[in-house]
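In what follows, structures are represented as structure tokens.
Next, two complexes with chain A in common: one pairs it with chain B, the other with chain C.
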Partner chain A sequence: MKNKFHLIIAISILSVFPLSSIAGATIAIQKCMLCHGKPGFKKVEETGKVKELYVNLSTIEKSVHKKKTCTDCHADVVEIPHKQIPQKVKCIRCHFKGNPDGAPQSDKYLEYQESIHGRAVKSGNRKAPICQDCHGNHDSKHTKDVLSKVHKSNVAKTCGGCHIDIYAQYITSIHGKALLLEHRIEAPNCTDCHGEHKILEHTDPKSMVNPVNIVKTCSHCHNSVEIVGKYGIETSQVSTYEHSFHGIAVKFGSKTVANCASCHGKHNIAPSEDPSSPVNIKNIPSTCGQPNCHPGANINYAKGKMHVNPKSKQSGIIYYVAFFFKYLTLLTIIALIAHIILDLNRRSKEWREQKKKI
Partner chain B sequence: MKMKNHDSINEGFVDRMSLNFRIQHMVLFLSLIILALTGLALYFHGSWLGNLLIKIEGGLESRGQIHRVSAIVLIFLSLYHILHILFTEHGHSEFMKIIPGVHDFRDSIQDILYSLSLTNLPAETEKYGYREKFQYWGVAGGAFVMTISGFALWFKDASMSIFPKWLIDTFFVLHGRAGLLIFFLLFLWHIYDMHLSPPNFPMDWSWLNGKISLEKLKKTHYKEYQRITGEK
Partner chain C sequence: MAGTEEENIKKESALAVEAGRNELIAEQLKNDVISEIQAKLKKSKTEIPAETKEKILQSTVNRLNQILPRKIGRLKQELVDEAIRAAAKSQKEIAEIAKKEEKTAEETFLRFNIHFRIQHMMLFSSVILLILTGLPLKFPAFSPFAFLVDLFGGIESSRFFHRFAAVILILFMVYHTLYTILHRDGRRDFLLLLPMPKDIKDVIWNLKYFFGLSDDRPKFGRFSYVEKFDYWAVYWGCVIMIGSGALLWFQDISLMFLPKFALDASKEAHSDEAVLATLAIVIWHFYNVHFNPDKFPGSLLWLHGRIPKDEMMEEHPLEYAELMKQKENQHQVEKSNDTENT
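And then the complex of A and B:
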């Protein structure tokens, strides 16, 4: 297909510039730049909206697509000047698995189509993002390039372009501060919790932030000594949660019981020392006392550790009760087994003696 | 003496458990087995065993409901048992016999020595020897601890409004660990004693017919045997 397109373009270009000896593609760019290369080239739409049409060639030269020509992407432009407004660029022309153009071999567009964004676009929502809204268009760069819109440090800002309220919460959270201010590259941005191409609504059971998956999502970092351990964050929080009533209920499919986010918050997560944190000692009664949780919760809820590990000495009396019963149970088992063995031994002895008498 | 009526000999058998006690015993073990199965399901929720039990019990939610219904049965039984002791002569007189004394400790030492073949005389006990007493008080104490801690966990919102969180956490740990201990005590000891030990295999039938043969009584509760038969 694409080769055919090339052919058509080449033929059309050659028919316009039959004497030209330079490669057709370059001419195409130069030809396009006749109009689009003029700074200030713009169009006022019927709505009064001004649409910038100027293309800075150096932007494209710095992008991953520097070797591409205009019509590689704007493939519906077959004659110059084009009579119709070109359609939005469809990246999947090249970006699919098995493509012959040297584009990254990936089927991520399939994931995107299933995502909340992909479905919104399909249903006709013109505000919903397509590839270039997140990855950039003429300036699209490799993910690892710090200038890329999808580089770890820029993702939040990119998502924030639409999700502005959440972005405002995120940048003040411990995660946002750690990543954006302290440049701790392990700290999560939007996509670390929500997924990248396959972002789903939080009510979808397959969503990474759905109550049935959120513990796993947070655990990815908070259960890893390599990731959070080096910042002095306890990793036992995950296992203590998993052994609590909340954790067990979640494991067996409860959607109403408290998960990580129910207590710690979502986008505005802050350490417990922070007075704004829902797990700050002063806020615990109101956090535990949420309407569907423990209405009427008082300060008693804050008296004691939240993530209790009965095997840790720091748990105080809880540790000693567990310790006492562990050894009492062990001793009991040993004593009872010993009793059974001794009893059987004595009985067999009696039995043998009786047999001898007979 | 009124006592004579309970202890009278009938075709080589002596009364061991009245119908009332047999029914109490049945209600007790049925509720305890269900409590153990539903409780252990939660205790071992991380293992295949716990997962299997929870599945059989219809999920985590219904596991809890079954557990609490059995707990109510046990609590009503306990209340009935206490009233029976306090307000009936039969209950009261039997209760007085099961109160532990120093001789019970001596008897248990004697039996240990006997099973080690260090003496040829097993302990000679009354109707309730140290084994019966230990098991009775084990269940009674266990039921008390489990009822108190269980109520605190059941009515968590109410108990949390009165007690600090660390105490509820202590109850949680206590309820699980004490439950496990009671389970081992009952299952290893009582099951062995009453079902698996060679003279009782497949079981001691007293819990169904309420009787014990004179022959067996002589071996297991010699003092009671002496008192009933007048033998020296």
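And then the complex of A and C:
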């Protein structure tokens, strides 16, 4: 609320005094290009790190901000040459709900501020990502643009910029392969599981990948005939899991019981045919035998279907057990209820006759 | 009995009167009165001539001699009468109490002995607990069951209660097996609970009765087919539930020897049989012992094990007839023993 209040004040001030007037005057893009337009314009920092300062004008012209000038974003540059290193650009200058500049109307930055990235930035972590780290700076493009850093097919790479080891796992997983190699647009990237702006650490109960929520997160696709059904992937896995002891325990709040990721892995999920998959028949004893689960698990754990559906004939003996009990129950209960009804009927008849006599 | 004693007391008291105790008492009273008069005469201030004194004393003695025996006799008779009346009253009361006791002993029959009752209590308490902690696992999507799980302190402690109840059920099964083998009543009841051709006849008869083709209900022995069904349903249920439940409880051990699908089949059987058992109890058993208009809202048979005579005659006429026959035989044996002794 406080943030919003500040914003409203900012909006009202900005609408009276346009940015340009605060900055003194709009500095023409050409002026900046005098220096930044030279290929090879760079600076060697004290640490020895070389910082590229060259800006390719065509990059900006292809971006969503092609109509903006440099100082629209780098607003702290008021004279040329600027004496101080310009501060990091704050996208929130324009990108808030109700902005007058025609920037997309969104308050996703509020979600970002709650996220693990936003909180890291707030606490002074200079390496933590801000908007332009994911969305791009001079080359920022619309999400639907295939060249955008946050286009579905590029998200993994963008996240991988920092989370390199996880990226390496992801690209070899079934999800990564389906999306990046086979271009199946339904396949998930990082943000489909972890969330977009509101990414939370997996220990947070509100996180999409927390044990409390992970089943729901996976079910979004794996319970949907429209999404995974068309690729021939079984959609019954979710309901069979929910009716298993693992699923029931999760449902009633257990945090230690196996969820989807406990068996199938996290970033390196692979189909069971893959020998590296934790749910490959050879790996099942070691997967089930994790120290906190069933230590000492043997090959017997792999004999029989994992996701058992008692209503499907493929389940073998379980199907016949369920079938037997279904009809045993039905017949027994029908017989018992019939007996009760007949008994009551006869009793009421006798009762009426007695009443008549009286 | 009472009449003769009354007469005895009467006779005794009459004898006492006749024994002349009255005269003894009369003598004493007379002496007392005379000595008192003499004392008074001595004290008097005016001089009384000795002759007059003698005359007064003589007349008093004569009068006392005349009335005392009669008066004492009457008083005694009154006292005796009162004593007799009191004795008769208390005797009547004693007889009444005895009659009452006899009546209660006659009117109820011990249907279930203490072992049977303890077994039933173990069974129902464990089964109620098992259902409450087990049913949410069968229907996890039914939201009120989440409350039930919370009631037992979450899934982990709910699991503990389920297994605790399972132990009671197993102990019940062991108790019942030992009772059936070792106890005389247990052996008798087991044999009487075995399904017999008569049960099929009874079912047909009862159906006829339901449809008005027969005017009276079938005559049952100690256990009707309804009760036999209950008994064998519990037997079947316990075998299935304890068998599959043990496999699932010690799943790490059972998986050392059995494939996973065997445990999955156990789980299916366990949960399906649980539903069947719950329905059978709630619909069938509750109707027969609670909601049935004759029984509503239920009796304390499970606690004291006694069944009233009229219920016995109505529901177990054959057993009643058997019992009466046995009683008669016993009486005859006793009588013949008595005659032999005399």
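Rule of thumb we're sticking to: the second predicted complex is superposed on the first by the 318 of 358 C-alpha atoms of A that agree within 3 Å, B and C clash if a C-alpha of one lies under 4 Å from a C-alpha of the other, contacts with A are read in each partner's own complex, and residues count from 1 in each chain.
Here is the rule we use: contacts are C-beta pairs under 8 Å (C-beta built on N, C-alpha and C of every residue); 3 or more make two chains touch, one makes a residue touch a chain.
Not measured: the values here are computed from a predicted model.
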{"item": "When chain B and chain C are modelled together on chain A, clash or fit", "value": "clash"}
{"item": "Contacts of A:Ser286 with chain B and chain C, given as first, second, both or neither", "value": "neither"}
{"item": "Contacts of A:Gln87 with chain B and chain C, given as first, second, both or neither", "value": "neither"}
{"item": "Which superposed partner A:Asn345 touches (first chain B, second chain C, both, neither)", "value": "both"}
{"item": "First (chain B), second (chain C), both or neither touched by A:Asn56", "value": "neither"}
{"item": "Contacts of A:Asn125 with chain B and chain C, given as first, second, both or neither", "value": "neither"}
{"item": "Chain A positions touched by chain B in one structure and by chain C in the second", "value": "242-243, 245, 248-249, 251-254, 294, 296-298, 300-306, 308, 310, 315-318, 321-322, 325-326, 328-329, 332-333, 336-337, 340, 342-347, 349"}
{"item": "Partner chain A, residues of chain C touching it in the complex", "value": "136-137, 140-141, 146, 149, 154-156, 158, 207, 209-212, 252, 255-262, 264-265, 267-269, 272-273, 275-276, 279-280, 283-284, 287, 292-294"}
{"item": "Contact footprint of chain C on chain A as seen in their complex", "value": "242-243, 245, 247-249, 251-254, 294, 296-298, 300-306, 308, 310, 315-318, 321-322, 325-326, 328-329, 332-333, 336-337, 340, 342-347, 349"}
{"item": "Contact footprint of chain B on chain A as seen in their complex", "value": "242-243, 245, 248-249, 251-254, 294-298, 300-306, 308, 310, 315-318, 321-322, 325-326, 328-329, 332-333, 336-337, 339-340, 342-347, 349, 351"}
{"item": "For the chain B and chain A complex, residues of the former touching the latter", "value": "42, 45-46, 54, 59-61, 112, 114-117, 156-157, 160-170, 172-174, 177-178, 180-181, 184-185, 188-189, 192, 197-199"}
